[in-house]
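Note that subunit A is present in both complexes that follow, paired respectively with subunit B and with subunit C.
What follows is the complex of A and B.
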């Protein structure tokens, strides 16, 4: 470990540390533009000059290009270095349009900071400035090229780090231009990071354009709750609305970056000034009512039902977006009052998958996104990272950049921002492929393994009967055998019920063979891990609940942050079931259809207003701090009245869990907001957490749940020329957040049904043909996209908000070929 | 009423005629000033001369095309110690930034002139106008239409 002296202070740093980072460890921030920890050094800007006084280098040198070595003596304040940096900033400012007053970067601009700190104030060069034409870069990013200082950060991020090629440097010298070959939307779903990464205002956030100045913002460390990864954010609020999202550095989770869905999908939390979309008023039978009235009306109605029909006639339904607080309170309420629930899952298969994914993951095999970046073999099974958890695709790319082979086994045409070997297989065959790959890689017979794997072997044996793996699997197996830190990324959306547990056992098996294998599950939502932990086995799923309603066993419902109209596949049946209920209550921050139809509706606060804890898919507990207190939205041209009052009008909404406590008559006994106090003691690991939690991973201990091998409902003998309709997620356009966030609307692509090239020939279809698929609930019209990366015998349809996929009437649907017609 | 309740004032009165001298003294001062030139002026018929750096009502300046110079950068609002300025920006078709709304609450303002100092576009300045009356407090929240014509309205 080299020791060196910087500004008369000594420090010992790890081998390979750049001098600029060594200085930062001492709290000395050397000016820089091109250097970024995630992107590495290129020495393009010359801003980080320092004077090397002793050691192997002498004189003024770039601190981002030189690794710390023993015996170095460095001065950042030496007159020569200071003078050098002053000249550099003067040159960089030569062409700058000096339009800080109208630049949205102003106030958080590295170029402003370095210009001031460099001491450059007066322009000496009398010549003209070079100017550029700006480009249209899509709905999220505004391009203003004149502000560029040619640091290359954007192209290094966009091309090298994120793996997309449509934005980069062009021309040379003074004409060097950063942009696209022609105007058009940026292809990368990570384009929002350009706003953070560019040290100047070339790329600014279009959704927040001219709405704010940096110093006006209320900022708080938050979380993204749009997928199960739980990326860390900084939420920025102003004028009673969330205005902008920035990435917050978290080494283990998202690093420095966010995906575009997470960054721009916050506008659901704001009242739309024109339409007042965000519901702000409690309603009783559709009429606006006071908050206290609504809560007491709900309390009375539910008490009546419980008194008349027994407490089991009231059920509590949550969803995959509940926070840990809401989940715990639902659990507590159901336990105390004897109500049915909490029901977290709509699809029984999804429930099994999530439960086994959560309970099979233990501290030894769980890996973080950072560990994915350092993996040397990545196996993606039944997961589409870019669509289900976008930032995990970025992590996979980082591993691939370090030469880790990436193998995907999935029915979908999984595309990743890196090279990968894809096996397009049916969901029912994923386990056979995975098992065969693992067994081959271990180079042993399954029989030679210890007794630990007995169950697994028996199961695998049954899977591998009549299975002839393709040649290319052998090659992947050799690569896996050569790896030491492989990671399996397992999805829960299209996989079979047993696959997550199977993947976990595969990882354990690899670990028996002296590998440091890890498991990374992708779950259906931000609250899924908590739902998996808190689900009790005797509690039904929503699919069962619909039956209970139909036969009159359940008469009252509470929907806590849950919208069955978005998740349940049979709309007609849902409508008739809900109409049979005596009473149902909706607590939500979305103006969902359930909220509109509810007997009583209470507008719950968003995570931006009251904060919330989420467990991400690796079991990491993280807290999103509240950033503002919400309230009735400010219309354009308005300013909140300058009155001195502790209360913002409309800013007194309770979070769903508090409203639930009040409805259940438990406000007094309602425990303080601390997970260790109200996460049930049957779930270990939370006692020591304290509150709010930040980034800790409570012991992932196994509870009573046991994966039930052989519970697959998949029919292995699928009739020829029948197609399974696979409902999948897309990064934009399928989630509830996307449905209620106007800001994401321009990025949503029209729905497409993906089929394999062979099936297209069989069905006589071509790319972009419009087809009608006859389903139980009617005809589904959709455009076909033909891909040779899609598995045969599946129709892959997104749960698109603009598509009536609820005509499918079931979670698992098979369609015979004559039901698919070209129109 | 008891006898002790009565206060007899005449007891404290001085000798008869002692007030004459003070009255004459006062009259002497009055007469002494009576023929001097007055120090006050006949406001509002007459007005004082205001110094060069006098700071009165705000004015939003326009460029040679008659458009507001202001780019809604918000620096004046940021620097204002009494939070008298409210600005909302808008983008025009060409991507240029303009104030959608610019309000100065003249009752909150302490006329420090910081806004004028902070403005990078010399778009806001303080005039010498100090006389402004209205019937309602709300009318002292000046918007763009008033601020653009401050001089005309209050000097006429």
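What follows is the complex of A and C.
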């Protein structure tokens, strides 16, 4: 480890550390524009010049280009270096407009900071400044090329790091222009990072444009709760509205970046003034009521039902977006009061998959996103990273940039921002492909690896008797065999119930072959890991609950941050079941159909207002701090309310878990945020931790093989020309956050049904044809997209908010070919 | 739309390469040969043939002096503006051409014959000042020599025009 002296202070840094980073470890931030840790060094802007006084380099050099070495003595304050940087900033400012007062970057601008730190104030160059025509770059990013200082960060991020090909440098010299070939939406779902990465205001956040100044903002370290990855954010609020999201650096999780769904999908917390208001007032039977009245009305109604029909007639329903606090409180309430639940899952199969994904993940095989970046072979099974957990696709790309082969096994036409070998197979065949691949990669010497590998071989041998995989699988197996740090990324959306457990044992088998293999699960939501941990086997799913309601066993319901109208596949049955209930309560921040129909509605606070703990899909506990008190946002040009009322404008609402505690009569047992007080002791690890439990993995399963292997391999029962209807997620347009965030609306594409090219021929369909698919609940009209990367015998349909997919009536649906008509 | 004959010729050219994009410049040259410059439609089509995004091809096209992204005259006069030619009076010569043709740098004469552009060093320093017109290089330039060259070219254009 090299030791060097920077500004008369000594530091020892890891091998390969650049001098600019070594200085930062001492708290010395050397000015820079083109250098960014994630993008690496190019030495283009010349801003990070320092003076090397002793050691292998001498004189003024770029600190981003030189690795720290023993014996170096560096000065950042040497007169020569200071003069050099002053000249550089003067040149960079030659063309920069003095539009800081109207620029959204003003106050948080690296160029401003470094102009000041460089000591440049008076312009000496009398010539004209070059000007450009700006481009339309879509709903999220505003383009202002005149401000550009040509550091190339944007194109290096966009093309090299993120892997998209529609934004880059054009022209030369003074005409150098960063943009697209022509006006249009940026294709990358990571485009929002341009805002963070641009050192000045060329790319600014269009959703926040002209609304705020950095120094006016309330800022707090937050979390993205839109998918299971738990990316770290900085939430920015102003005048009771959440205004903007920035990425927060976390080495193990999201690095420096965020996806666009996470960055721009916050406006649900404010409501859309044009379309709907966020429900900020409690309601009893649809009428606005005081908070205390609503809580006591709900408490009385539920107590009555429990007294008359027994406590089991009241059930508590959560969802995949509950925080750990809400989940724990639901558990505590159900245990104490004898209520049924908590029900976290709508689909029984999804519950099985999530539970096995959670319970199979042990500390020896769990990997973080950072470890994906360093993998040398990536196997994606039953997962569509870009749509289910976008930032994981970015991590996969980083591995691919370091030449890791990427193999995807999935029925969907999975596309990644890197090269990959795709096997389009039905969900039931995923395990066969995965098993065959592992078996081949283990090779002949696997017999000596112990009983597990022999059992596996024997089991798969019988399962794969008639399996003739394509030759390309052999080639993938050879690459897998040659790897040392492979990672399996396993999804839970379209996979069979057994696949997550099977994938976990495949990782363990690879580890027997002296590899450092890892498992990375993708779960359905931010709260899924917690739901998996806290689910008790005797608790039903919502599908069972509907039956209990129909036969009168359940008479009262509590929906905590849960909307069955979004998640349950049979709307007609849901409506009739809810109408049979004596009473149901909704605690939510979305203006959902459930909230609208509830007997009592209580407006729960969002993650921005009271904070929340989430366990991400690798079991990492992270806490999002509250950023503001919430309430009715004051919109531009508006004045705070002038009328007096007993209702603070939305300001005093509780998080769902506190409201629930109050309704259950358990306020006294309800501590201020402190989940270690009410997370059940059966969950290991929590008691040992303080709070907040940032970045720790408190709850991982015991290691070792589970040998609960797949049972569905090579089930040939599906009749020819019968299609499985696979409901899938899209990055934009399928989630509840997307449904209630108008800021995401412009990015939502119309729904498409993906079918394979062979099936398209069989059905007489062409790309862009509109079809009607007859389902149990009526006809579903949708445009077809034909792909040769889609598996045969499946219809892939997004759970699109603009599509009545709830006509499917079940979680698993098969459709025969005569039910598909071209219209 | 590119003519079918050209498209199949380009396909053949690309098929011979190890990776398609290495033929990017040749493909653009071939298209330019036919239609004089690269319009947006040609860029999109060429990018498709080369398995590149239009932006990636545009990055190349706008980097090189010899790919034209706007219409040019029949003869493109590129006057070297690098150091040695500058020492030898390039500025004066450029002014001379400019006033003779009645066009500034980057402009095309009204008759559509000549476009005047500056260009980086063309390696003709020993015969500076120098210029390139289409694919031919002219050195040791004087106003008289320029008169001669321009007259010849104009005549050639008339001749080919009358064919």
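Here is the rule we go by: the second predicted complex is superposed on the first by the 769 of 823 C-alpha atoms of A that agree within 3 Å, B and C clash if a C-alpha of one lies under 4 Å from a C-alpha of the other, contacts with A are read in each partner's own complex, and residues count from 1 in each chain.
We take it that a contact is a pair of C-beta atoms (placed from the backbone, for glycine too) under 8 Å apart; a residue touches a chain by one contact, two chains touch by 3 or more.
None of these values were measured; they are calculated from a predicted model.
In the superposed model, B is the one of subunit B and subunit C that contacts more residues of subunit A. Of the two partner chains placed by the overlay, neither subunit B nor subunit C lies in contact with A:572. In the superposed model, A:639 lies in contact with subunit B only, and not with subunit C.
In the overlay built on the shared chain, the residue A:209 is in contact with subunit B alone; subunit C does not reach it.
Legend: residue contacts after superposition of the two complexes on their common chain; A:292 is shown touching neither subunit B nor subunit C. By the touch criterion stated above, A:170 is placed in contact with subunit C alone, subunit B being left untouched. For subunit A in complex with subunit B, the touching residues are 100-102, 106, 134, 209-211, 213, 215-216, 636-637, 639, 642. Interface of subunit B with subunit A (complex): residues 71-75, 78, 83, 86, 88-91, 95-97, 100-101, 103, 105, 108, 120-121. Touching subunit A in their complex are the following residues of subunit C: 40, 43-44, 52-56, 58-59, 62-63. Contact residues on subunit A toward subunit C in their complex (touch as defined above): 165-172, 180-182.
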